[in-house]
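In what follows, chain A forms one complex with chain B and a second complex with chain C.
The block that comes next holds the complex of A and B.
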């Protein structure tokens, strides 16, 4: 008689060895791949009824319908204009500040740097309500300017911290070598410092754009009902409409900039530029 | 013809004085090493010449024209740094061409000069590479090419080889010397490595605590140190505390005469090189007796540590032929030594013909 131990069964052995990996894989499939796949399918489905596994009728009809809705036609330019404006303003405010953080010694520097974490340290919604009260007094609620300001607040942490790290990562000796061969401080900044931090700056700008494009609560509290962005529109569309296609299509629209970001990030990481910018 | 002179240069960071009133004159085509331990102010001195640090006081002149007021990008100096400082986003060619473009050279001239510079440092085919594709030694050669291509009046080198391994360091050192002679440029080389300084320099300025202790030719720095610091810092030296009583040095139970005219009373320090200690017949009155504590075989010679009664452990270099082992009793006598007294010119003493014992038969 031969005794059969549990570990001698190949499948069990495999599972004991790879168990955690398999659990992760299952989690990833159910948590990320399947929902995204469902959204993707819904966006291009015309008819999809139980018990069909796949849509029975495909087409772009709902894309036409979604993108021609009056509220979305108003919100999409709003969203894009808002994201561009916030990104540009944030760059104008934060990049010189981050250069100063990286290069100058001044009293309270560490404290100031850490203070940018505060906006992220409190529950967002409570913070927004408090801000909304102040904005109300300044008549900023319901205005485009109000939404811009609240979004700017969100971008500070990212746009200060990433470029500060990047500027700190540039070895001063590299800049001195530039001065040494005859470049003026401005030439050194433009031709040596900036190209070296560019990947990190670009990543920060792209993240700012994407975050602003996505942001919902601030836009909802301060902007609605006069200034509507795509994510704000999505809420009632998903909650009140029996048609899942609207939500699916809008999700894909919101997805687009982050896909661009991911593709770019991938290229940056492969090229080693990102880490180079951080002086690693 | 380019000469450099520093007049009463001083640099102070807050309360700390990095460089005390420093005077230095470097001749045209000369290779001068500034040698000293870390923190002695040598790099600060070099950075003041390059313009990266502003002197607190004093004047820096190149060809007798003051450059103290010029920013680094306007100075006729070029620097090779300790760290690798090639710009990582530019190819080697662009790294070298960068300065030329700023100076408004034509494309044809730039091409010619870059190729010439690459040729000079022995890396003619490296133009298209990125710095990350080069080894440390190659990067420093390109950095040298980048510095030389602008035909600066003074070449400054701040420990350029200290990040390289020992063998490569020796090779690059020789190559640097060849290139420096070939282009006939005045060069200032900062290092903490005395071997590097002794083998490279026309003259060495030994610095300590922000001051030049001795400025001299390499052989004189070794043979005739003018201060206790230089005596201790350069090469290996036995430093023996002693007492001088008029015309006699008293060290332990030994008494040695001092050349006449050097009478003095007070504490002194005797400096004896390990190679200046000779073995004499035991029983001789003037001999320093001791017991071999440790023998280190260094290839063509031996370093022997001898424990003595009054002078602690002496370092002695002996040829391979001398058969010494641990616990061997030795009688030693200095053939040459220097007497250092507080704030006075050191006295060099040649002991003359000390009777040498035939080495066989020593037990």
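The block that comes next holds the complex of A and C.
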């Protein structure tokens, strides 16, 4: 008769090796995944009565109701227009600058580049209050332009930091080789430099778009109540609405662009883009 | 679209090529100085002067500190931020250590889940946590499946200070794990192995090798999280109690509900001043590193 030692049972062996990992996994599923899942379930629930673990009645009824609300039909185009405009403006303002930071020599470069990092030292919400006081005087509060400016501010760090690192990483020898074989500087830029920095630029644009799409503080303090975005109209819907589905559905609308980010999550992580601009 | 502007300048010492870099960096630099540093400075100076005479005056601060609600808010916010930071490090430190020394598929899964909150919009996090932890939310429902009696004893953190702490920790986990991991990545496995070879125990390795190497990451994670937690609005407003309020909620109400921009400005400057204490540590740490790297 063979003796079965406890460690020879595959499951036990697996647990001994991965025990801590499994505990982390369970803990994080409870703490992080389940709250997110709650939103998904509410968005597709018609009835969900305690103590049922899952909705008792499923359906898309509330989607029609939510998306046809007047405030949402006004806020959604605003949100999209703002995100597109702010991302484009941010790129136009920051990309030439990040090229200069990476490739040109000038006095005070290091200090100017660091000044972007120093903006991290300000609490955003307090800062926007201070800016709102100034915007009051210029009659920018409650205007589309005011929201564009404040959201643009929010994007500068990322749009400078990621592309600067990317332009610095370009292999100069390749560019010089291109010039040697008679390509014009413009051709070299388009055919050699740009493809090499493209992943980083794409990451910066994507992150900027998504961040702006769910930017809340600036839109709330500068835009409301005239220029409403989806996150801003969600406050009253979450706080005083007896119907939880509204908040859930709008959460998913807001989350939609992030799904694209999630698809690239691994690359964003490996490229260091998720911690770009914090001085790590 | 910006290709022609970003052409490398010709290698001549013409006046144009000395000015060009400044022209290129001017727009974002002007925005940062004009719309971040300048308003912050201007607000600070304005709170220190009498609006009519222009003379130095602390009247606005006296008013703030004479108001019970304001002072309670300030203390409450500091308390919340410190409690959240403590909880955050208690979770993230071991988590980062686990992720650094494990490469199994489980560890990959753990890392992916720990980064998830980074992709969730702030207001969605607040909504998700409300629906999860409130009375008769999904969490209580799950407890109910285990034991209805246990569910009756469930204490929901929703609209309580604990709710804010949970929310702030939840949002900060990904960033903190990434920063701490970045610090741990500088750690050489060989170093630990050789320490083990000469008989160093785990505690010794942790305190003498790992901790010193992580000093900078810990500092950055502490400072940046303190600043963002101290100035948070969405989570405290949606998950916290009606009173006391955090500074973020107080500022918003003062500015928009009570229409008192001057008082709101004083409150904002007070948050600047408190955050500047840790902000300076951060700035010093970052610029020191850049100078060292060259």
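Rule of thumb we're sticking to: the second predicted complex is superposed on the first by the 241 of 280 C-alpha atoms of A that agree within 3 Å, B and C clash if a C-alpha of one lies under 4 Å from a C-alpha of the other, contacts with A are read in each partner's own complex, and residues count from 1 in each chain.
The definition used in the following text is that contacts are C-beta pairs under 8 Å (C-beta built on N, C-alpha and C of every residue); 3 or more make two chains touch, one makes a residue touch a chain.
All figures in this text were calculated on a predicted structure; none of them were measured in a lab.
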Original post:
Clash or fit: how do chain B and chain C relate after the overlay on chain A?
Top reply: fit
Original post:
If you stack the two complexes on chain A, which partner ends up touching A:196: first (chain B), second (chain C), both, or neither?
Top reply: first
Original post:
Between chain B (first) and chain C (second), which, if any, makes contact with A:173: first, second, both or neither?
Top reply: first
Original post:
So, does A:183 touch the first partner chain B, the second partner chain C, both, or neither?
Top reply: first
**OP:** Check whether A:84 is in contact with chain B, with chain C, with both or with neither, and answer first, second, both or neither.
**Re:** neither
Subject >> Superposed model, chain A: greater residue contact from chain B or chain C >> reply: C
Original post:
Does chain B (first) or chain C (second) touch A:231, or do both, or does neither?
Top reply: second
Original post:
Regarding the shared-chain residue A:26, is it in contact with chain B (first), chain C (second), both, or neither?
Top reply: neither
Subject >> Closest Cα approach, chain C to chain B, once both complexes are overlaid on chain A (Å) >> reply: 8
Subject >> chain C-contacting residues of chain A that also contact chain B >> reply: 185
Original post:
Which part of chain B faces chain A closely enough to touch in the complex?
Top reply: 50-52, 71-74, 77-79, 81-83, 85, 87-89, 98-99, 102-103, 143, 146-147, 150
**OP:** Note which residues of chain C are touching chain A in the complex, please.
**Re:** 1-9, 18, 20-22, 24-29, 31-33, 35-37, 39-40, 42-43, 95, 98, 102, 104, 106-107, 109-110, 112-133, 136-142, 144-145, 148, 151, 170, 173-175, 178-179, 182-183, 217, 220, 223-224, 227-228, 230-234, 237-238, 247-248, 251-252, 255-256, 261, 264-265, 267-269, 271-272, 275-276, 278-280, 282-283, 285-287, 289-291
Original post:
In the complex of these two chains, what residues of chain A are touching chain C?
Top reply: 17-18, 20-22, 24-25, 28-29, 31-39, 41-42, 50-53, 91-97, 99-101, 103-106, 109-110, 112, 114-127, 129-134, 136, 149, 152-153, 156, 159-160, 185-186, 189-190, 194, 213-214, 216-217, 220-221, 224, 231, 234-235, 238-239, 244, 247-248, 251, 254-255, 258, 261-262, 265, 269, 274-275, 278-280
Original post:
For the complex, which residues does chain A have touching chain B?
Top reply: 171, 173-174, 176-185, 187, 191-192, 195-196, 276
